[in-house]
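Paired with chain B in one complex and with chain C in the other, chain A is shared by the two complexes that follow.
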Partner chain A sequence: MVSKQVKISGRQFMVLTTLFTIGSAILIIPSGMAFLAKQDAWIAALVGVGSGFLLVWIYNTIATLYPRMTLVEIIETLLGKWLGKTISLLFIVTLFLSGPTAVLYDVGNFLTTQIMPETPALSVNILFAVIVVMGARLGIETFARSAELLFPLFILLYISLVILIAPEIKLENVEPVLEAGIGPIWPAALSFISVLFLPHIVLLMIFPAVNRIDNARKAFFNGSMFGGLMMVLIVALAILVLGPDLTARSIFPSYFLAQKISIGNFLQRIEAIMAVMWFISLYFRATIYIYGIVLAIAQIFNLKDYRPLILPLGMILVVMSVVIYPNVPYQQMWDGTVWLSYTLSIGLLLPLLLLCIHVIRKLLSKKRTESKG
Partner chain B sequence: MLTHMTVILGIMLFAVAIIFLEVPYMLRKRLKKELWVFSILLLLAVGISSAKALQRDIPTPLDWITAVYKPFTDFLTHIGLIK
Partner chain C sequence: MKQKAFLFLILTLGTLLTGCWNRKELNELAIAVGLGIDKQGDQFRVSVQVVDPGEVSTQKGASGRAPAILYTSEADTVFEAVRKITTLSPRKIYFPHLRICVISESMAMEGIAKALDFLSRDHEFRSDFYLVISKGASAEDTLKIMTPFDPIPADKLFSSLESSEKNWSPSTTVTLDQLMADLISEGKQPILTGLQIAGDQDSGETKKNVEKISPPTSLQFSGLAVFKKDRLIGWLNEIESKGYNFILGKVQSSVGFVSCPKGGKVALEIIRTQSAIKGSVNRGEPRININLQIEANVGEVECSDLDLTKVSTIYDLQKRSEEKIAGVIESAIKKAQKSYKADIFGFGEAIHRSNPKAWKSLKQNWDKEQFPELQVNIKVDFRIRRLGTTGSSFLNEIKK
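Let's turn to the complex of A and B:
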């Protein structure tokens, strides 16, 4: 298997995890959360990071129990050959339809509604898909290195966004705190983890590529928490600057946030530069998805090389990005309902099921050795 | 009609380019199973692309996921996790 030879460092894995965590969430998440929890969205985001802590702990536990195995191999070991392969295939097909295609849809939708209204979304999607396919085809070592190179730029843009928007903060936007009680916090927190942490299950596909397992665990954990806290700040800034109503009503609140930057009527209209930030994070989210999915397909069918599959898959990816959501209301309905139950099932129920089966098998094998002895 | 034909021709040309890029490598390395999965994926890609080119609205596969997950979604709505 190709994945056994390639190696990335712990730091590269951390950068990839952070970029995957922020991914498309930075563009779309504040809006939905402000709709659900109003001015308390930032509290919900903190609750989300807390639950993300537990989720990453679960993923780390599974990865440590079966080191040097990808998710597909773990499922096959625990559930048996045929059931395991069937479940993996169902998981991968549905993940392909709702994960990377949605990221590509977000890219096209964002560019054509905000920056280039005359360009058809399909042409933007094709261009973006070409670099995603290139990255996945060159392999994880290459795109991990490019992530390492682009990460300082990403951080620089993020910090400048936070600093430049700080003068616009109005504290009365978050008052009154917990007006409606803690009830609305939970659905908003679920929508936060459904984009930020639950899809992390796909990172278990590249987990074995990290050169040392203890490094990988630490990197996975730090990267997720780092990305999560960066997103808490973005949600909080959107609420503090735009207010809950405006945040809920705009489709891309962080872009709106960048438009609001105005230092002495001199430094303004720099949102297009800020957009580079989301291109970086969206690119790595899409590439990690596609790489993980292609690797999974190769392992399900026992293939020696995953690379020939990427180009046809990229072609399907482009078409699907314009097919999956017939219109924006459908997308919002999907993101607000089925996406949540889908990611809960693959990101929480599947790993819990795997852990249960692991424990049961351990107990059974212990009993067998005891009765023998 | 003519525009449909050009779009489908473009899709075919793209598929042929992918075949030229990938198939010689797989034949040289005798990767038989890879060739099978590759062909199935490419057929699927050409099929879906042509369908999309001929008909503006093809049903979204997300509707199937929605149908399968309906009980679970309803349950989450019932306990208040989905609004």
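Let's turn to the complex of A and C:
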């Protein structure tokens, strides 16, 4: 199978993980978190990174127990051929409908709301989907390398956003700290990990492509934490500069943040340049999703090559991205309820289930060998 | 190879398509710099001041047209009125370069909130323009005045609001997001700078106004408009407005005088201020401490017996200044507490920050009962650093 021959380095995997973590979260997460936790959203984000630590540890454990195996292969080994394939298929189909389609929806929605209101979202989505399809078709080695190339640009934009917006910070925006106690922190932290860390389960599809497993573990962990902490800073900046009310009220707080940059009346109106940042992260999130999904389908149906699947899937993706959410409040409601419970089941319950079955199998086989001996 | 060529073709075509879709060429846009909102009965009357680019460019001699054009239309909602302007204007109005939004006093008395949602929702509006209230005139009329020096009136308003805030401090710049934050906040009432027409309205609208060395009509910022929720309830005069800016630490530079011990005056130039508002709650009693640090230079001496070479004179001046500024601040607080019962300083927010638990019960009746009775301690620390380019004034030695 193709996936067995390709190899990416640990560094490339880390860059991919970071970009996947930030993904669409940079656009949408500050608003929802400020709505739930008000001025304490940054604390909730920190709590989220803490729980992300545990989640990545679980994923790493599964990946090390079954080295050189993708998630689909692990499920099949543990649950048997038919049950395993059924669960994998169910997982992949639902993931396709809610993962990459939502990312593409975010791209179109952002552009048509903020920058080009008269352009139909469909045409934006087609253009974006074309490069996603190209990336996935060329394979993980190619887009991992392009991620490595674009990552410095991403970091440069990120750092300049942080530095340029710093003069606008008003420290009193985060006060009083923990006004409503720690109660509202939990739902906000949950929404943070549901977008940032729970979808990481799909990264187990590309985990075996890393050339050395100890490198992969480290890269997975570092990439997630790096991306998570970068998001904590974005959430904190949104609260510090815009205040909790405005952050919760605006649909794209990061863009609003970039609009607020004004240094000495000449370094201003650079928000469109800042938007390049999330185009990079959204692109890699969508591409990793699609690559993981087509690889999974190929493995479920024992296909030799995953490539023929990409173009049709890309077409479905474009159509789905336009029809999946009829309007913006629907999308916000979906993200807060359905997406949350869905990612909890695939990102937390599924790996825990796999771990349990692994332990039970081990105990059973031990007994068998003992009774034989 | 064929496949690749096909894909390439589709890609290039696609890029061209989206590029043209939403294009906005400069010659198709009317760049709005000023926006005025009035209310006429139930309808909004929206005036938009757009730049006439041919008239502003420096290369060509002026052809006698006005540098900016004002379009006005009426409709049930602000957005409708803005779009209705296309029936008057040859081009579509383009808002990202808006500098100033004027809201009329009469409309502000009925409430401004409804007009603001459009400004925050439409993607063309950025949050870097300032909002002001037109005092004693409609917003439309204030935008009609021709201004010398800076031919585009909205540009003049923008820069003169910024420079008066920096150098004299009776006005304050408020952007849309600040205003909305104040409107939402339970512990702070909004405030906006007032704009008035000084002189005769009619002659200000003609070109004559910019042809004379001393223009008969000009636009002037004066005082701050005090709001309760989104309704204008009154004005602060110039001194009280300065007091307001002192409390919030917004004074970057200003000039004030103190009297000399034996008559006459000394003007002091404030070069730096820093304020800290601290709230506390003692046995259910809220209390505010304002700590103000001011640095100043001696700017002008108009008395003949002041010996500036002595340190004690400086200390004496410092003490007088502290008393005077505390008085200015007190007058602003008193006006807000007694006449308007509106917490424009954000004292409620300071209490909220320091004691969120007590604030929960205090906020119920904050503006009505708690704020008017609030005890405010003012501590001013005034430091005179330099004397300018001369020592003691020559007035001391002048022939008697």
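FYI, the second predicted complex is superposed on the first by the 373 of 373 C-alpha atoms of A that agree within 3 Å, B and C clash if a C-alpha of one lies under 4 Å from a C-alpha of the other, contacts with A are read in each partner's own complex, and residues count from 1 in each chain.
The definition used in the following text is that a residue touches a chain if its C-beta (ideal position, glycine included) is under 8 Å from a C-beta of that chain, and two chains touch if they have at least 3 such contacts.
Computed from a prediction, not measured in an experiment: that's the story for all the values here.
With both complexes brought onto chain A, simultaneous placement of chain B and chain C is permitted, the two fitting side by side without a clash. When both complexes are overlaid on chain A, the residue A:I297 reaches chain B alone and has no touch with chain C.
Of the two partner chains, neither chain B nor chain C is touched by A:F154. Counting residues of chain A touched by each partner, chain B versus chain C, the larger count belongs to B.
Legend: residue contacts after superposition of the two complexes on their common chain; A:P117 is shown touching chain C, with no touch to chain B. When the two complexes are overlaid on their common chain A, residue A:F13 makes contact with neither chain B nor chain C.
When the shared chain is aligned, chain B comes close enough to touch A:T94, but chain C does not.
Residue contacts after overlaying the shared chain place A:V130 against chain C, while chain B stays out of touching range. Of the two partner chains placed by superposition, only chain C is touched by A:E179; chain B is not. By the touch criterion defined above, A:V319 lies against chain B but remains apart from chain C after alignment on the C-alpha atoms of chain A. Working from the superposition on chain A, the chain A vertex angle toward chain B and chain C, CA centres, sits at 110° in steps of 10. Annotation: superposed on chain A, chain B and chain C show a minimal Cα-Cα gap of 6 Å. On the chain A side of its complex with chain B, the touching residues are 36, 94, 97-98, 183-184, 186-187, 190, 297, 301-305, 308-309, 311-313, 315-316, 319-320, 322-326, 330, 334, 336-338, 340-342, 344-345.
Considering their complex, residues 14-15, 18, 21-22, 25-26, 29, 31, 33-35, 37-38, 41-42, 44-46, 48-49, 52, 57-58, 60-62, 65-66, 69, 72-73, 76-77, 80-83 of chain B touch chain A.
Note for the complex: chain A touches chain C at residues 113-120, 123-124, 126-127, 130, 134, 172, 175-176, 179, 242-243, 245-246, 256, 259-260, 262, 268-269.
Residue ranges on chain C touching chain A, taken from their complex, read 7, 10-11, 14-15, 17-18, 21-22, 96, 123, 126-128, 177, 180-181, 184-185, 349, 352-356.
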